[in-house]
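When the chains are written out, they are named A, B, C, D and E in that same order, and each has its own residue count from 1.
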Amino acid sequence: MNSESLILFFIVAVVLVGGALIFSSLVPPKSFNPQKSEPYECGIPTQGKTWLQFNVGYYLFAILFLIFDVETVFLFPWAVIMKTGGIAAFVEIIIFFTILGLGLLYAWKKRALIWE
Amino acid sequence: MAFDIYDFTSFNQTIDKALYDNLPPILAMLTEMVIIGVVFLLFYALVGLFLVYAERKVCAFIQNRVGPNRVGPYGIFQTFADFIKLLMKELIPINKADKILFNLAPFIVIIASFMAIAAIPFGKGLHAIDLNVGIFYVMAVSSLGVVGILLAGWSSNNKYSLIGAMRSGAQIVSYELSVGLSMVTMVILAGSMQLSEIVEAQRNGWFIFTGHVPAFIAFVIFLIASTAETNRGPFDLAEAESELTAGFHTEYSGIKFAFFFLAEYMNMFIVASIAATIFWGGWMPLHIPGWEGFNIVMDYIPPFFWYMGKTLVVIFLMMWFKWTFPRLRIDQLLKLEWKYLLPINLFNIILMALIVLMGWHF
Amino acid sequence: MNAIINYLKELFGGIKTLLTGMKVTGYYFVHPRQIITQQYPENRKTLKMFDRFKGEVSMPHDENNQHKCTACSICEINCPNGSIEVISKQVEKEDGKKKKELDTYIYKLSMCTFCGICIKVCPQDAIVFSQGFEHAVFNREKLIKTLNKPGSSLKEKVKE
Amino acid sequence: MENIITNNSIQQEEYIVNMGPQHPSTHGVLRLKISLKGETVENIEPHCGYIHRGIEKMCERLTYQQIIHLTDRLDYLSAHTNNEAVCLLVENALQIEVPERVKYIRTILDELTRLASHQLWWCAFGMDLGALTTYFYGLRDREKILDIFEETTGARLLQSFNVPGGLMNDIHPNFIGRVKEFITYFRKKLPEYDELLTGNVILKERTTDIGLLTLEEAINYGVTGPSGRASGFACDVRKHHPYSAYDKVEFKEILYTKGDSFHRYKARVEEMWESMKILEQLIDNIPEGDYAVKMKPIIKLPEGEYYQRVEAARGEFGVYVLSTGEKYPYRVKFRSPNFSNLSAINKLGAGHKIADLVAIGGSLDLVIPDIDR
Amino acid sequence: MNNEQLKEKIQSIDSTINIVEGKQYLELNVVAENLSKTALMLKNNADLSFDYLICLTGNDLPDAYSVVYHLESTKHNHLVVLKVKADSRENPVLDTVSNIWITADFHEREVYDLIGITFTNHPDMRRIFLDEEDWIGYPLRKDYTDNNIITR
């Protein structure tokens, strides 16, 4: 099989979930109760809106992730030819890593790696 | 070597040829697709059911319990019964939930895990698609699942779910890196991203043995990071049952919940099979240099069993983690990644590059 | 340099404690003999409760269908929850004397807290704790029990 | 979307999450109303009363013997200790000297209760932190104690074994042997607890420096029991106001000074060792004698006020009785340790993360019926 | 300090306090307006330093609503009982001690909930157990009636 057939897997997965959902929404018995479709909050009616501006401390981590994830993508092609690339590839990657390592060190020292 | 008798390449080609010879090309292709689809669907469902059962048994034994033992001998049909029960449960609509996203989320988690399975080599020639960037593809596709988790948490209109989803976002964003980098380490050693070639490269010994210390470190990091990526074990912050009741899938009922559950186990299977492929030689049998008789016996065990065996061992390790450790807190999770795993990983890659450069590996 | 040593120390120290934990759980995984689960409904036959187990209040009857309750209602007075109700009747004896005798001894299991005061205060030891513990019923009314059997009478010896 | 952009005040809006009454980490029906800022807890407001049964009111209509079975239902994990408090109060008020045998047996059962309670706390604490296996190990060992209880008292949890003037029954002939067996068994199992959880780096990280309570605060909040002693509050009633046979045994009062979650954890684990020491000292020396003194069927306390304190598993349990000389008390008040311990939760939890709040709640070891009464 | 020394000491500081030798402990009776002052004195005096409020009980006595404070000093290990009666029977009001011993915060809410004594200056005077909105009456008062109370 060639890579176009990935679409097949996509379709099978969609059919699997969709079929089960349709089955499950038609066949099982239903009962109605106004409390049932309340969002669960330990049995207490929700106070205030759920979708507020939510303060999560991972903004910095997302930025760091972007940097390092792009780096990982760069690393893959290098990793493939490392065996044949010889000393030149090694030296180049050392330089690359030094820069990145300094970046990480900078973030570390700047206390960006602490979740607030 | 002796295990080459179990080569499925010719078998596949025979079927392929037979179909195309006897049917018009379009029909042949369709038949082929249906066969593969059905086979994989069955495989997917069976692995899912088995893993759920295995998890329950493993945790039961660890906890001095018997585990499921009522439905069928040793309770082996328990998960079947549970599946039917979940299928027959009402899907409860949630007030003010974002209906489209709420229903989309289970699709995404299942699609992500199902598509990842496509590229996994279960034996020589026994894989659906042998991509030349296989390892990259699996990593990319399996990490799509987090989108489903984020959507599920966000769309539920539930505060616990939202917090769970936010945690999950931070978590996956971080651990994606470590998974990738430890894979890079092994790609250096293998010199290829094609999964079948990586396995072939381990013909003379599994990477975990031939790769010296860096391979071992990479394996440990991969194990930790992939446990985190699948939202399991000590890293199950997104569900964090004692904190967020059930986290991102609090509001999901019936079969929708079952899909999240299934996807979790399938993700576990996928990362375990990747670990088995790139560290433990995939379907390659265990060879101990010098023990010729032993090696020959090992060769006659079909590669599929080798493959599943290794995968299950890794899965067992992950279950063992889960049932031993307390959960980490979100900031500790990030600390572990950014202050321990990432620097060690970077260092490890250089070490591995050095070893490959000097030809120190076996 | 010190920082790096500390860093490594922390790392390996941490890993070591994790492995100790895994050792414990691993030990139990490979020792299925340590399993303590009781297969409850299956082991019903062999399941033996302790003699003193406070299952439910019961009134032992001997082979002549006789009990020891004189309907003095001390248990009823002492019960903190009002779960005992002693209904007595006046019976005319052969010698013409009227005597109080037990008519029905009602025990509301649903209200009992098993404090054991009734059994401790009973002057005749007419009631005891029996060892039945399967109290689940489909209807709450079934938990209101009559302890004296139909047609039972007072034991002769106690009468004196 | 428009709404979010234009409405600036939305940032000030509190993100309120209810933890409980139906929540895995509250060990009962306690409701904590938490204001969040991201993951950080800003303010905790406990709402109790979900199982308020009016026990104090009920006691006003019950005789002293009948009160005892209600005290079981306060802190059901230290049922025996609570029973004992009422009995001691009655005995002290009537100036009845109970036989030595009763004192010894009561003390042994006290310590077994404490062990059982701490075991359950240990497993629940592990579970709060996400280590689910601890739950089964703890329960497995607790089962042995419950069996001992069941054999002697007839009940596993709510024993009501004490009566004013002594005990319901004499101990079962197997009792001493079983307790000894348990001690040897548990001395082997307790180190496993340490291996699995105490030493674990994740637990240490999760609990160290979390929920700090200084000595002054502990006293001010009235946080007693192991939680208070972790802050250095020497509040062990067994040591400072000995009752029953506690003046005859040697034991350490576990005191730490730091007062964080980890030391509250540690204090309890160490107390288990101490409890076993006490058991070992007493179990071989139970004197012969009666198991109860004869009491009048109707107990009337002389007019006046009485207060009796005992050390339950979670702290100081007190009974206050105002008697008018009737057979019913005029007023009964139970000073439940958890009620005071709960009041410190805002102090402990504010500023930490949700996960820490769960750890703090676990380390305080709250039993909700005791709070609500 | 034993009870006698304690009595002398307290008497020497504030002679208005009526000290009674109780069954177990010294009982200090103070009038409602002196409560805050006395409580503060008991806590802050170096020789007394009653820093630990063990128990706070509200009582519905036949003549008045009263509150009983069991106080202990963790430094000197002595214990007294402080008693105070609310002036009014219709609208019992007392000063709070929650600014002196924080643990009184919850206990006073409990007393308010069950006996109905209002504490002034309390930071959060709401019911603690019963429903704020729809519970009528104060259950621990002697005249409280409810259909479910079993009377013998």
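Note that in this section a residue touches a chain if its C-beta (ideal position, glycine included) is under 8 Å from a C-beta of that chain, and two chains touch if they have at least 3 such contacts.
Remember, it's a predicted structure, so these values are computed and weren't measured experimentally.
Undergrad: State the pair of chains with the top count of C-beta pairs in contact.
TA: A-B
Undergrad: From the centre of subunit B, which chain's CA centre is farthest?
TA: Comparing chain centres, E lies farthest from subunit B.
Undergrad: Closest chain to the protein CA centroid?
TA: Of all chains shown, the one whose C-alpha centre lies nearest the global C-alpha mean is D.
Undergrad: Please tell me the distance, in whole Å, between the geometric centres of subunit A and subunit E computed from their C-alpha atoms.
TA: Those two chain centres are 58 Å apart.
Undergrad: Hey, how far is the Cα centre of subunit B from the one of subunit E, in Å?
TA: So the centre of subunit B lies 64 Å away from the centre of subunit E.
Undergrad: I'd like the Å distance between the centres of subunit C and subunit D, where a centre is the mean of that chain's Cα atoms.
TA: Chain centroid spacing, subunit C to subunit D, equals 24 Å.
Undergrad: Please work out the Cα centroid separation of subunit A and subunit B, and write it as a whole number of Å.
TA: 15
Undergrad: What are the residues of subunit E that contact at least two other chains?
TA: 150
Undergrad: Give the residues of subunit C touching no fewer than two other chains, as numbers and ranges.
TA: 18, 21, 24-25, 36
Undergrad: Touching two or more other chains, which residues of subunit A qualify?
TA: In subunit A, the residues touching two or more other chains are 41-42, 54, 56-57, 115.
Undergrad: Using the touch definition up top, name the residues of subunit B that touch subunit C in the complex.
TA: Those in contact with subunit C are residues 58, 61-66, 69, 320-321, 323-325, 340.
Undergrad: Help me check something: in the complex, which residues belonging to subunit D touch subunit C?
TA: Touching subunit C from subunit D are residues 62-63, 65-66, 68-70, 72-73, 133, 140, 143, 147, 150-155, 158, 160, 163, 168-169, 172, 192, 195-197, 199-202, 204, 297.
Undergrad: Quick one: which bits of subunit B touch subunit A in the complex? Just the residue numbers, please.
TA: Answer in residue numbers: 32-33, 36-37, 40-41, 44, 87-97, 103, 106-107, 110-111, 114-115, 117-118, 128-129, 131, 136, 154, 156-160, 162, 166, 169-170, 173-174, 176-177, 180-181, 184-185, 187-188, 191-193, 245, 250-251, 254-256, 259, 330-331, 334-335, 338-339, 342-343, 346, 349-350, 353-354, 356-357.
Undergrad: Using the touch definition up top, name the residues of subunit C that touch subunit D in the complex.
TA: Checking each residue of subunit C against subunit D gives 13-14, 17-18, 20-21, 23-25, 36, 49-50, 52-54, 78, 80, 113-117, 120-121, 129.
Undergrad: Can you tell me which positions in subunit E touch subunit D when the two form their complex?
TA: Per the stated touch rule, the residues are 22-25, 27, 51-55, 57, 59-60, 68, 70, 74, 77, 81, 101-103, 105-107, 110, 114, 127-131, 139-140, 144, 149-152.
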